[in-house]
């Protein structure tokens, strides 16, 4: 489903965000991406929906060679990949309802389906009451949930979540993680970049560990555990 | 230092974000503000640096009646109150260095002090290497730390942090919280709105609990604990 | 046909227009100013053309009639002259009338009582519809029986034609420049409105929208802003024509202004079309600038 | 004085200009177009004024000298006439010369051999420096000894003065309109550039910046954009004057264009100043719009 072969990413400013990364994720997997701040998690995800092109190496998503696809084909890729952006990226000029609907409308969905799917997704993240508000009228956590709803709405084959619970309280976090797990059970591949130790440790999924742009660990049913004991200090 | 008397906040769209809130925070205190997503934490903080004016009730900050101060006096208030915004609010057109320096320059600080304080603060949050980059070139956690550096740079009397570790890994989180504690020890009043159960439970400071815009709990040396057992599910 | 999509699309255009009202109003204002300037100049140019046409009809061809001609054929001669192509008007001036006119003309400058004999012939005074026809008319009249000689202000005609030609070329140049200027101003304005929404455009791309899907509402907005701006400009122009022209006509009595309303209708339509078109093109180009991946 | 602050400030202005280069270039383009249009019109108006001044010097006052005057006093009379205020030129035309001129004038229209006696007086032909002075000169000359009668095209003078007055008023109105239009375009442009940075302005306020602290760099940017735009416009105008005017002068021989460069220097300075000023004012107002809390 997702395959990175010897991928490096060098930003124009000279930062090497990814360094010879090899990674294979099968269809239907649930993967946590962990690592310190600034270690390349978001950069790795950006390669998968072609916001970034690898400097060297190959990226395959859903059978497509993303590193050398032509510009005209990008929208089709992105419709198959739902993304919860770390900074939400909601359209400030549209209401929450319109934001979620937009992701469905761009796929050419019928109006009937839009009218059914959008309220369903907003309900899933607990925002049914706030659908007519603009992003600026929502709390941080509410914006984050709106971003999650938008990523889900067109039933993507792959769901990429970048720190999806950073602004959520534990009960909301639990609900969202259960939601992601249900979606995963139905066959969607889910990749979650997160710092939330409690979530990772509780769910016991595959954990891919990044350090300075390199993969330094990859375990089935892993724990959060970062570096030397730092994770444990906080869990106490 | 901070006092809210029977404060209510009704947003123009009809949402009642705060409802008859009474709260007193003494100089030098360290207070956690907890509560579910959308419960009014950010709104309460907004009253303290006068981004919002209470619909009814009085707000006093550092002896100033914020609810009825004239527009011309607002900048002075804000220079005494450092804020880490939930959405960072970095200036996209300025480098990290310039962003941090800006908060000092507006106070009329001498260039000599700017040249000394800015690197010091960037170093405290671990961004010394990235000071010449623009916010869009930083990872989410790096942006968050830049926002923290900016809030600290002019040694404010009061430090308000809105979810300051939502994008940080546990080791960074620990460092930042230790930094806040050191600053608090030197006499700065610190208020932190957070969902990070591990942090609250470990630090054992005063915890003010919000629910639907009302204060439903206020304990010295409290725990995170939200609602019925939800917090505990995750701590397992 | 999914009418829901059409409804969504129109709703989106309308929402963008109203939610960014301050920005859109500013854009519409700039478009209006640019088009009003262009319209004013086009109107002035058309008025000037009409005025000069009218003024130039004053240039006359004088046909001196032979004293030895058949006087009974005169009415036929006048009719034949009037029927020549390009002739607007023919007047017969007898030698007696001619002397009286000359006396009037010279009075004060010359002691006219000294003019005792009448040295003048009978004359046909002929006006052409267009100056350009004057030389041809003069030649044709000269060939008519009974005409001794033909005279007209050849130098003046030549000069006027030169002036007209030059004025036309200069006018055209000015119009081309003004059209370019208006285009520049409108497209710059729209470019800035798009610039202020470049983040939105980037997000739309990230969510999987095709470039055309993103472009369409912007183009519709450009068309609306362009034609609303043009409409404001046209309203200003029509008002000015109705309110100012009569006052101006009273002030400047020597220019026969065309004051009928119909004159401006085709111009107004052209300006509206131009506004909409420029809006669309400018949006297309400006959005494209932020669509490159 | 903290030079570091000045350096920071200038650095900030420069950084904003270069980091938003696309937007600033667009703004500068609009300012340039607006000011070029204004400048072109001002230049045309000044040229027209110079041309009409020159053309109007052709209007003459004719003083008919009495046959019974003291002929020896003629040179004194000519000198006195030439010394009258507003007189540009005096020419003496004897009756013999006058008859010759009249013959030339009437040749072809009148059988001039019939003019055997000379009905004409000696004449002084007087040119005024400005049309407006013509009536006063005529009165003064009439009072001089030896002058029998004075004549000038009173109706024409009146008409020309009317035309000049009207043209001046219309020209002024057009200039006022163009100044308003240019102001509109420039301030709309700057308003849009500020609009696209309204989020930044809000953040600066939240971080404790005073309104003036926020305004200052914007105003400096407005001044830079305004004067750069004006500089582009002035460069265009000067180039046009050097490259196009000579060609135009060859084309339109009947208008004596003033082609010396110095003509445009004060105009250029005025336009530069106007650009900078409008940029400053527009920034001030536009930023203020987003400073209200």
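Order of writing sets the labels: A, B, C and D. Residues in every chain begin at 1.
What we mean here is this: a residue touches a chain if its C-beta (ideal position, glycine included) is under 8 Å from a C-beta of that chain, and two chains touch if they have at least 3 such contacts.
What you are looking at is a predicted structure, and each value in this text was computed from that prediction instead of being measured.
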item: Touching chain A and also chain D, the following chains; value: B, C
item: Far-end chain from chain A, centres as C-alpha averages; value: D
item: Between chain A and chain B, centroid-to-centroid distance (C-alpha), Å; value: 27
item: Between chain B and chain D, centroid-to-centroid distance (C-alpha), Å; value: 62
item: Mean-CA-position distance for chain D and chain C (Å); value: 24
item: Chain centre separation (chain B, chain C; CA means) in Å; value: 67
item: Chain C: positions in contact with at least two other chains; value: none
item: Chain-level touch network, classified as line, ring, star, complete or other; value: ring
item: Chain-to-chain touches, reported pairwise for every pair that qualifies; value: A-B, A-C, B-D, C-D
item: Touch list for chain A against partner chain B, complex; value: 11, 13, 15, 34-39, 41-43, 86-87, 133, 137-142, 144-145, 162-163, 166-174, 195, 197-199, 202, 224, 226-227, 230-231, 233-236
item: Complex contact set, residues of chain A against chain C; value: 49, 51, 71, 74-79, 83, 85, 89-94, 98, 101-103, 105-107, 110-112, 114-115, 150
item: Residues on chain C engaged by chain A in the complex (per definition of touch); value: 2-5, 7-8, 12, 15-16, 19-20, 197, 200, 203-210, 213, 293
item: Of chain D, residues touching chain C in the complex; value: 22-23, 26-27, 29-30, 33-34, 36-37, 40, 62, 102, 108-112, 114, 117, 119-120, 149, 151, 159, 162-163, 166, 169-170, 177-178, 181, 184-185, 188-189, 191-193, 195-196, 248, 251-254, 289
